[in-house]
Every structure is written in C-alpha cells, then in structure tokens.
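One chain, chain A, appears in both complexes that follow, with chain B as partner in the first and chain C in the second.
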Partner chain A sequence: MTQETLLQTLRAEFGAAVTGPDPAAPRRLLLDVERARLPEIARRLIALGARYQVGVGSDDRARGLGFGLIHLFAFDKSGFTTAIRTSAPAETPEFPSITPDIPVAGWTEREYRDLLGFRFPGHPKPKKLILADDWPDGIYPLRKEVPYNLVPPAAEDVAYQLDEAPPGTTMVPVGPFHSSLHEPAHFAVYVDGETIKGCDYRGFMTHRGIEKLCQTQVSYNEIPFVAERICGICGSVHATAYAQSVEEAAGLAVPRRAEFIRVLMLELERIHSHLLWLGVAGHLIGFDTVFMHAWRVREPVMWLSERITGNRKTYGMVVLGGVRRDISPETAEDIRSVLKKVEAEVLGLKAAILKDSLIHKRTKGVGHMPKAEAERWSLVGPVARARSIDIDARRDHPYAAYNELSFDVPTADSCDVWGTVLVRLLEVFESVKIMRQVLDKMPAGPILAAPQEALPAFRHGLSMVEAPRGESVHYVITGEENRPERWRVRAPTYTNLQGVPRMLLDNQFADFPIIVGSIDPCYSCTDRAVVVERGTGRERVWDRAELTTLSRAGGK
Partner chain B sequence: MRFIMPLINVLAFLLLAPLFEGLLRRLTARVQSRQGPPLVQPYYDLLKLLGKENLNSAGTWPFRLAPLLAFASILVVVAVIPFGFRAGALAGRMDGILVVYLLTLGGVAVLMGALAGRNTFGLIGASREMVTMIMIEPVLAMTIILGAVKLKTLTLVAAMPFASGAGYGVSTVLMLAVYLLALQAFAGRQPFDIAEAEIELLEGPMIEYSGPNLALFKLSAMLKRMFYAWLFVSAFLPFLRTGIYPLDMLLQLAAMAVVFAVIGLVGATNPRLRIDQAVRYYAVLIVWALVAIGLAVKGW
Partner chain C sequence: MLAKLAKKAFPKSLWVYHCNSGACNGCDIEILNVLTPYYDVERFGIKLVGSPRHADAMLLSGAVTRPTLPLVKRAFEAMPAPKLVFGIGSCAVGGGCWFDTYNVSGGGATALPMDYYIPGCPPRPEAILFGVALALGLVDQKAAPVELKQVEFPLDASLRTQAWQDRNAIYKWLKD
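The block that comes next holds the complex of A and B.
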C-alpha cells in the first residue's frame, strides 16, 4: 500500500466524497471527505490496514469554515499517515460518530463534545470526559470566543454518573486517590467476589488546558518548554514532537547534529523511564526490592541528564529548529561510562527477573488481551508490542536521526503483563545501542537553525515520537499570531487507557494495580530535598553524597 | 517463681516485639540497598499512634472492641507459653487447643473490626483474612497435635516435644519443613501479606483504624509474629535447652532473632501472591502436615 494506491482506491470507491490531497509534507496524506460518509471511509481505512491515532477538532469559524474535524490514521507498514478532514457548519456542529466501528475514537469524540460542543449522533457513550463535573453546560472552552482564563462559578451536588454495575457485582472505588494510582483518577471497578467484571473510568481531574493556553497566550518558541511539562517522565518526547510538527508544517530544516542530540535525549529518557517503570511494576506486585534496585540503577542516568542539560528531568533542550546545548567530547565520555554501568546492571536485573518464578506467577496470563483485540483498541508502545503488534514510530515513521541508526524492535507474543515487562527490559539494551551509535555517528556542525521571520499560516504538521510508553502524536495547524492556530497533543496513555477495561476483564482484583500499571500512567518525582530550619528560616540543600550516605548502607 | 513467670513472659514479649520488628525492617532495607530506619523505629511508631486520635468511623461497639480483643487474646497466649523451656503457673492449667483457640480469636477480632468498619477495601481484606485463617491455622494446630501425639498429652509442654527427649523423627523433620514453609504466612509477610495488600487494599482490614486502636492491632501483630518465631524455636530446636532459666531465655531470643532474619530475607526477595495462588500453596502444606501427623501416630 502506497499513498498513490490508497488514493486511487478511495477515489474509485467513494468518488467525489473524497477530495484532495492537500499539499502536505512527504509521507503525509491530507484528504477532505464528505461529512455524511465519514464512518464508511474510516471503516474502509481500517480494513485497508490503517491504525486509528486520534482526532483533531478545531474552531475555524473566524475563517468562515465552520468547525473542523480531522481523523488521523497511520499505515505503519507502509510508513505514511493519512488525515481525513471534514467540516460542519457553525450552527450545527454535528459529525457522524465513528466510535461504533473504531472504539478507540470514543475519547476523541467525547473530548470535542466537551471542549467544542460537537455532537456525535451514534456515539455509544456520550458522557463527559474532560470537563469538571460542575462545569456549566453550553460553555465550550476550546471555542475561540471563550477566554483561556474563564473560571465559571463552582456548583454543588453535581456528580459524574458512573456506569450501572453489571448484575451480581459490587463496586470497588479505586480513586480518585488510591495508592496504586500515582495521580488522581477514578476507576469504578465492578467485581464479583474478587473477579473483575467491568470498569468505568472518570479521569482528567488535573486537566490543565495546555492546548488552549498555547493557542492563545504564548508563542511558537515558548511552547516547547510548556510541552515538556505535559509529562514528568517523557517531557523531551513532547517538546520534540511539538517542535517537529511545527518544523514540518513550516518546512524548517533542522541541523543534522541537533537531530542526533534530540535522539540522544529521547533515548536517555527512555532508559530512565523503563527503569522507573520496572521499579513501579515491582512495587505494584508487592516486590519492593525490585523497586529499590531498579531506581538505584536508574540514578546515574538522572545525574547524567543533569550533567548534559542542567536538570534531572524537564531538560529544556529542544527549541524550534534545533537544540539548546551541544554535547562536548567530555560529556560524550561521561555518557559512554554511564551507559556501560547501566547496561551491566540491567543485565543483572534482567537475569534476576527472568529466573524469579513468583514474578512469572504474578504477571503471566495477567491482563491478557489477544492481538486482534489489541489492534481493535489501537494499543501503542510496549503494551502493543507485548501483544505481537510490531509497531514502533522510530522505525516505521522515522524522525530526527533514526533513519541512520540501526536497532531492533523487541516484541513478545504472550499478550500479557509479562510480555510488557520483557519488551521494556529488552528495549533498554536497544536504547544503549542507539546512544552509542549516536555518539559515533554524530556529525559536527551547528545545533540550531537560523531564526526565521514569520512562519506561514494555516499549514498542517504532524509528528509522531515513540515515547517510552508508546507513540505520542502532535498535530499543529500554524497560525497568524506567531503561535499555532491549533495544537493537538495525544500522549500514548490516551489510547492505552481506553483499552484498560478490556485488559481488566475477568482478572482478579489483586491484579488491578499491575494491569493498570502495565500501561505506565505517569507521575513526576523530586528527589532532592531542601531542609528549612524552623525559627531561623535558613535553608540548606543536601547534596548527592550526603543523601546517599543517609539513605544507603556503606554510602557508596 | 512459677507465679511470676507469666509476668516475665508478657514483659519480655511486650518490650521486645517492636525490636524484632525493627530488625525485620532494617534487614529488608539492607537487602534493598537502603540504610533503613533505626532499630527502635517501631517503638516510636507505636508511641506516635498512641498519642493520636481514635477515630470511630463506624460508630459501633464491635469496631471499638476488636483491637482490645485482638490484643487481649495474644497477651493471654504469651502469658501461658513455656518461654525459656520453663512452664509457668498458668501453663499446667491450659492446653494446646486453648492456644489455637486464642490465636484464632485474635484473627476473628481483626475480621470483626473490618466487618464493623464497613469499608469496601476492609471487607475484601476481611474475606482474604478469613480464607488465610482457615487455610493456615491447621498447620499451627497440627504442629501442636504432633507434640501431643508424641507425648500423649495435650498440655502446653507438648508444644516442645523434644525437650522431653522425644527426639527427631521423620514426622518431626517433615513438620519442621512444613512450618518453615508456612512461616511467612504466619508472619503475614511477603509473599503472603495478602489480606493487607497495601497496594490494592490499602492495608485492608486496618483501613478504618487510627491512633491507639491501630497501635493495638499493630502491636498484636508484632506479638503474634514473635509467638510464631518462639513456637518454632521451642518445638524444633530443643538442643538450645541448658536448664538454666535466664540462659535458656536468652538462647531462645537469639534463635528467634535468626527466625526473624529468615522472615525478613524471604519477605524482601518475593512479590506478593494472589489469594487464589496462596490457597493452592496452603492446601499442599496442610496435606504434608497431615502426613507428618500420620507418621507420628505410626511412631516415626
């Protein structure tokens, strides 16, 4: 399947209902489709082997175009993406729902029901997704006339109506605060005895309105730093994904050295994230020793990040057109030595985990979801690869410098949590491999492109970055006021979380934490403490050596 | 002397149980490459809890009674046991069945508190606790029955069969193995800390408790753990007996510290099992314990 054959197929089958393509970057197909035939065309794309990514809704009334909705599909094997765009008149923002065919589109449609006031006839679960329970009806915050800082008055006695419990089950509330969730989220788990029979999810309790903020208040070059704060673990992923989508939309060329440095930071982030997750996974099955050791092994990675960027996390490296800091020869040596150490330690961890029969017992067959189901729910990242879905944006849709680097994409066929553990462990070694190649192959040269006066408006740019927990998608439509007209972020959890109720089905309640944990929902951590003396108010910052001595036997 | 022995037992257990707990925590920390809390941290924890407010969220008397009952039942057990291989004044009047009964009563108190608390997590924890009790108490009972079969008496002295020269037989060695395999479950540590399962059940049956009530439950659990360590030492390590009472006590305590070290090491190197997996494991233990009794009846 190539872009041309796809285009021919669609034209032959749908005739005038499909128009375009609009000019777009290579490997991107942007088509306009007739609104009424949206479900048919989406269904056809899936049948042709596409994977649904996300939808992008926009308020284009100022340009006389009504409301817009773009659904994104990826053809992973053929290495290109297809966007189908449709619009609705300003008075009747109504789009036929594609959720009955593509369940993972459910959240996209509910999101735009909340934020833009769209209606989706045929949606199986038209409930609130993002807005707070007491947010008044009729105010759609992503519409242009709504100010970004609007604070409607709070209301009492409004509560989200959870789904009806299936007959014969009782509801166990996991959340909004629960020790197995590291941020607020509410799962209503319906159990029969200890067997999970269903689950309803109410999340988005810390929705910060970053898209709205960046579309109205800040400028192109400031957004990478906001984007980085979307996630405390894969910040670099979001900053890079944003930058790449704007660069693609505006046709900005990035110096090659900067692309290599971006890869370096992304892979460093992956190693840290995988080790962090491995520790958390151990904790979730009650195995704190794995937790402590995985985080001990991870620590040199954090100090390395600080040496390269000045920060353990939230590196602030990426800007439009390049990166902010270069890698000096001394830093390169530092990186090599840390990689060597981490590689050896993770080998030890891997051997211990592979041999531990109780870990097998707690993870094998747990959260089982067959490949076909996983494809239906468009799972991404290690969770998908553990179900023998061989996708990886780094290889399938190469960005930055990945086309010059060789690496394997580990997969597993056990379709359960164990597979996820395995895939993530093996990926650490691939990341080490990639980082070594980056250090060897990185060309000399500038790290930042020359600044441009103004970026062209209303161009579309799409970027996929393989985050540690799966593919992150950013979509940008450039704007006129030195900031995007529309910026859509889809983190991997957005997709994977929708598949969680299916993964939980018929498992034991005791496995709830590790199943939800297996998709790696995120939380950030601050490891350094500032001690303030009461009375004098004097501050003292503990340094690494002191903290290590305090916390660890031998002080090594 | 015989009349102050129960008092000595109670004092020794009450004073030392938190220390053994501290040992457990320290050891776990070392395995995890941490410094760990000071050995006396559990004393501080208990003191802190004692100074806090008792919340009675359920507002019912069984909820208030439960921690007292749990604490009282384990205290009686401690008072009557022949600690230091020496039977106190109470030991002669009580038998092994009573000890099993009192330990079960402690478990029932935990259930009662959880049920009275009416918290969803507490209820799930209670059902797990109940299953664990049903499956693991038989091993305890059969350890005592083994002594009874060997010595043809149910008195508490029988809980330490070899002290009276019964010697190691096939049945004793088998029971020793079964007891060791059940030790983590007795102690309520990984892989069998299933009822409290901090991650999914948020301490399960304890979830509604706070302050002094929680302290009582915690202290009862520590005492219980210490009792199980003592039972092992006293039933299976008779050679520690010198005949000098204070020395015997010290030797037993030292051996108990070793048992705690084992509990700590196993706990730190295992994940938590699911209740269905644990039940299958317990079932096998019960079968082997029965085999040991059968062998003892045959005189092996």
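The block that comes next holds the complex of A and C.
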C-alpha cells in the first residue's frame, strides 16, 4: 500500500469525513477527520494493517482552533506513517475514546485528561496517570495559560487510586522504591498464592514537565541538550529524534557526514545499553556473575564515548542541522580497536549464556505473550522482535544514514523473556557491523548545516528513531519565538509497559522482576501509565491470614 | 568536622541505599557502575543494600519530584541513625535544568538534610568513589582554599577597553 492508495481508500469509505492532506506536514500524510467518526476511522486503519503509535494533544486556542488531537499510525511494511487530526471547541474539549478498540491508546488519552483537561467518553479507565494524586482538578499544566512553574500546594498522604483487587486475590505492593526497580514506580500485583492474576501500575513519578518547559522556556537549539537528559541511557536517541523532527518540519538539509556520525553515536549507545540490560537482567534473576561480566565488557565502550564526545553519558553531540564534533582518523582507529575487543568479549559472553541451564530455566516460558496479543498491544523493539514481530524503525522507516547500511534484524519466536535476551545479544553484533560500515563509508564534508534566519511556524514534523528499547517517536509542531509550539516525546517503554500486565498474567510472583525487566523499562523516558487484567473467576483457596502465614513461613 | 564524625560513626563498612527520586537513569547507572569490576567499591567495605532499614548512607539521585517528595522523606526516616545523605548529580544538588517546573520540588535539599554533594551530569564513577571515600575520611580533600587578590579597578579596565575600541574604530574608518 502507498500513501495515495490509503488516501483513496479512506476517501471512498468515509467521504467528506476525511479531508486533507494538510501541506503543513511535508512528506507525511496528515488528514483531518470528523470528530464523531474518529473511532471508526482509527479502527479501519488498524484493520488495514497500521500500528498505533501515540496521540499528540495540543492547545490551539490562541489561533482560534480550539483543542487539537492527532493520532499517529505507522504502516511498517509499506514504510510510511499517517496522522489523523481532530479538533474540539475550546468550551467542550471532548473526543470519542478509541481505547476500547485500540487498548494501547489508553495512556495517551489518560495523559491528555491530566495535562490538557480533555474528556474521553467511553474510556474504560478514566483515572489520573501523569499528575500526582494530590494535584488539584481544574489545573491542566499543558494549557497555554498555565505557567510552567505553577506548583499547587501539596497534600500529604494521598493514597494511590488503584483498582480493586480481583476476587480471590491478594495485593502485593512493589515499589515505589524497590530493589528490583531502579526508578520510582508503584506496581500493585494481585496474586493468588504465588501466581500473578493481575497488576495495576501507578508511575510517572519521574515526570519532570520537560515538554512544557521546552515549549515555554528554551529555544530550538537548546532543546537537544534537554532532550538528552530525558533519559540517561538513550540520550542520543532523543536528541537525534528531536533534531530530525524539527529538520523535517522546517525542511532543513543535514550534511551527509553528520548523519553518519549520528548513526555512529546511536549504535554506540545501543551496544552499551544492551550490555547494561544484560547485566541488570542477570542481577534480577540473582545471577550476579552475568552482571559483573557484562558491565566489565561495557566499560571500554563508556571510555570510548568519553574520548569521542568528552562525557560518558550526556554526549552533547547532536544539534539542529548536524553534529558538534567530527570523527578524526585517529578516533576512527580507536573506535575500530574498541569494537574488536568488545565483539570478542561479547562472543564469549554469548556462548556462556546460551549454554547456561540456569538462565534457560529462569527465562524460558516466562512472561509469555503470544504474537497476536503483542500486536494488539503495539509492542515495539526487542520485546516485539522476541515475539516474531519483524519491525525495526531503522529498516522500515530509514532515517539518518541507515538506508546506505546493511544489517539484519534478529527476531525470535519464543515469545518470552528468553527471546528478548537472545534478540538483544544478537543486536550487539549487528551494531558492531553497522559501526564498521559507518567508518568505511563515511563521506568527507561539513558536519553542520549553515544556520537559518528563522524556522517556518506551525509546520509538523515526525521522527522515529530505533532506541535500544524500541522505537522512539518525536512529534514537533514548530512555533514562533524560536521554539516549538508543541513537542511530543513517546519513548518505547510507554507502549511496552502497557503490555506488561498481560505478560505477567499467570506467571510466578518470583518472576515479576525479570518480566518487568525484560522490557528494559525506562520510567524516566516514559514517564507517562496502565492497564489491569481483572477477574480471575477462580475460587478463593486461602484467606488472607492463611496467605500471610504461608508467605511468612516461606520467607524464613 | 563532619568528616571526623563520619569516621567515628562508620569506622568499618558503609552500607549505602540508592534512592532515585526522579532521575534520568544517568546517575543511577554510574552508581551501579561503581560496584562493577573496574571500580569495585566493595574493596572499601561499601555495599549497596536494597532496603533503607539496612543502610548507613543514602545516595540520592535526581531532582525530587512532587510524587516522590513524601516517599523520599519516609525512606530517610526508615534509616537508622547515624545516617549520611549524599546528593549525586546536578539534579540532586540543585534540581537540574527543571528545578522549577510544575512537577518538580527542587534539589535534594528540599526533602532531606543533605551532607555531601557530588556534582556532575552524571558524575563519573571515580567522582562518586572519591566523594564517598572523602566522607569516610579515607582520602584527603584535594581542593585548596583560593586566595582572592584585588587585581585592578574594574572601571579602569573598562575605560581602557573603550579607548582601545575607539582607536580601532578610527583605524577602520581610515582604511575605508
């Protein structure tokens, strides 16, 4: 399918309810749809093979356009994306909910319920997601009239509004501070004996208001550095994704050499992130040898990053129109020698892991989620590829220099945690391969485009970057005053975490850390929320007191 | 003074609890990194523990966000006295670049009595090791006090700059 055939199909089926495409979004299909028919059109897009990405809500009242909501869909096989936009009048910001059909839209809608005060009739779980439970109603931080630093007075001891435990189960709280979670997040796990029967999540505790901050305080060229600090692991991913979306919206051309250097940084980040995850996974199943080994192998990569960019994590490489530092021939040699060493070490690590029966026993069949379910929940990244969903933004929607590079996309069909281990291990070798090609093929030339006077306002840009955890989506609407009107960040954990309750279902409670860990959760990226599987239908076997006694006896 | 107290209070091993109050993972990973073979913090008897009830010191990373503010306080209360608090990274020191946004209460000092700050974005593992070792009195402070001298009256300097610029402008006009 192409963009034209899709447009024709939609026009034929929905007639005047679909208008556009809007020329404000160069190279993308941005369609305006009638508000009442939104769920119908979204359903049709999914039936045509689209994957739901995320929604972008915006406050356009200053321009007399009321509130806007854009839903993004990707057609991975055909390599294009579609955005459908609806708007609602300022007095009644009401949009029909698409969550009953597309469960993964649940968080998006709850997010805008909190931040923009939208209402979604028909949403199955209209609860707070982003803002704290003591945040007063009626203050919506993303609305234009609310200053970025407005802090309403806090109230102490406000309980989380969790779902009721399904009958016959007991709630085990995990978090907000828990040794298996490296970031604050609260999981209420409903167990029947040792078996998990459901889970509710209250997270978004590291929500720092970055989108609002960047839409009101800083300028285009400063945002890449703030974007880098969204996440301490995939900093380059966010900076590159932001820069690419602004470049697309404004039509800025980036020098080819800069694009190759961006790829180099992205792949370097993937290697260190996957080794980091491998170590953490080993730690979560109580196998600290893997942790120590993986992080020992990873350390030379960090030193290399420091030699290339001057810092171990926050690289400060990407700016609009290119990158800030060049790769000299000496640095290229240095990269090659480190790659050689890391590749040899990871080969050893891989052989050890593939033969280790303990890791097999702790990961095989754990966190099982069939392919159909994974597609329904729009999983991305290694979590999806471990469930034989063959998607990778680097190949399906090539950006930067990926169209010139050849690499494989490893997949697994075991649909469990073991598959994610395998996929990530194999991806390290692919990254090494890509980096070698980058060093060979990198053309000479400038690394930064000439600066522009001013970027055009109210143009739309979308960028997808394959982060180590999956696809990161950035959506930018350019604005006046040298800063974006709207900047939406969707990290891969945002979608993957919504599928976690399904992965946990019917697993042992002892496997909870590794199942949550298997998506490589990054709450600081996500900081956004949840779904619960309810109702076990099973009869209650033990009462609470007995369970307590049993669990205590087991703990001794 | 604090270093002496710490040396007395924690003569042998120090068990630390890592508390993420809203960090971006950068500092958290560097904290985990000091446990790994290249840095190996355990040779100083320092161990990372999973519960604040077992800990002597807290490593706080990240700006304290609105939802975590009461939680951080409760984790601190759960620690047995005497206790130390380290702020790791720019966000824990002063709140970072989002110190005043709607969901952030500020740096670590808004929630807890901080004892030591280890700045950096993120601080290197060596810096974390050095900071903790300094607190325990294992190493000496490297910074020396800076003596400030009155150099030149600033007005004088600005007048001279002005005069130089005027002269330069004349040469430029002559050239044109």
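The rule we apply is simple: the second predicted complex is superposed on the first by the 515 of 556 C-alpha atoms of A that agree within 3 Å, B and C clash if a C-alpha of one lies under 4 Å from a C-alpha of the other, contacts with A are read in each partner's own complex, and residues count from 1 in each chain.
Heads up, the rule we're going with is that a contact is a pair of C-beta atoms (placed from the backbone, for glycine too) under 8 Å apart; a residue touches a chain by one contact, two chains touch by 3 or more.
Since this is a predicted model, take the numbers as computed values, not measurements.
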{"item": "More chain A residues in contact [chain B versus chain C]", "value": "C"}
{"item": "Partner chain in contact with A:Thr170 - chain B first, chain C second, else both or neither", "value": "first"}
{"item": "Touched partner set for A:Thr314, first chain B, second chain C, both or neither", "value": "second"}
{"item": "Touching partner for A:Leu7 - first (chain B), second (chain C), both, neither", "value": "neither"}
{"item": "Touched partner set for A:Ile285, first chain B, second chain C, both or neither", "value": "first"}
{"item": "Which superposed partner A:Lys361 touches (first chain B, second chain C, both, neither)", "value": "first"}
{"item": "Which of chain B and chain C A:Leu162 touches, first, second, both or neither", "value": "neither"}
{"item": "Partner chain in contact with A:Arg296 - chain B first, chain C second, else both or neither", "value": "both"}
{"item": "First (chain B), second (chain C), both or neither touched by A:Ser179", "value": "both"}
{"item": "Partner chain(s) touched by A:Gly232 [first = chain B, second = chain C, both, neither]", "value": "second"}
{"item": "Footprint overlap on chain A, comparing chain B with chain C", "value": "178-179, 291-292, 296"}
{"item": "Touching residues on chain A, where the partner in the complex is chain B", "value": "170-174, 178-180, 194, 282-293, 296, 356, 358-359, 361-362, 508-513, 550-553"}
{"item": "Footprint of chain C on chain A - complex, ascending", "value": "131-135, 141, 146, 148-151, 154, 156-157, 176-179, 182-184, 204-210, 212-213, 226, 229-233, 235, 276, 279, 291-292, 295-296, 299, 302, 311-314, 522, 524"}
{"item": "Interface residues, chain C side, partner chain A - complex", "value": "18-30, 32-33, 36-38, 50-52, 62-63, 65-71, 75, 96-98, 100-105, 121-122, 124"}
{"item": "Residues of chain B touching chain A in the complex", "value": "28-36, 120-121, 124, 127, 190-191, 193-194, 197-200, 202, 268-277"}
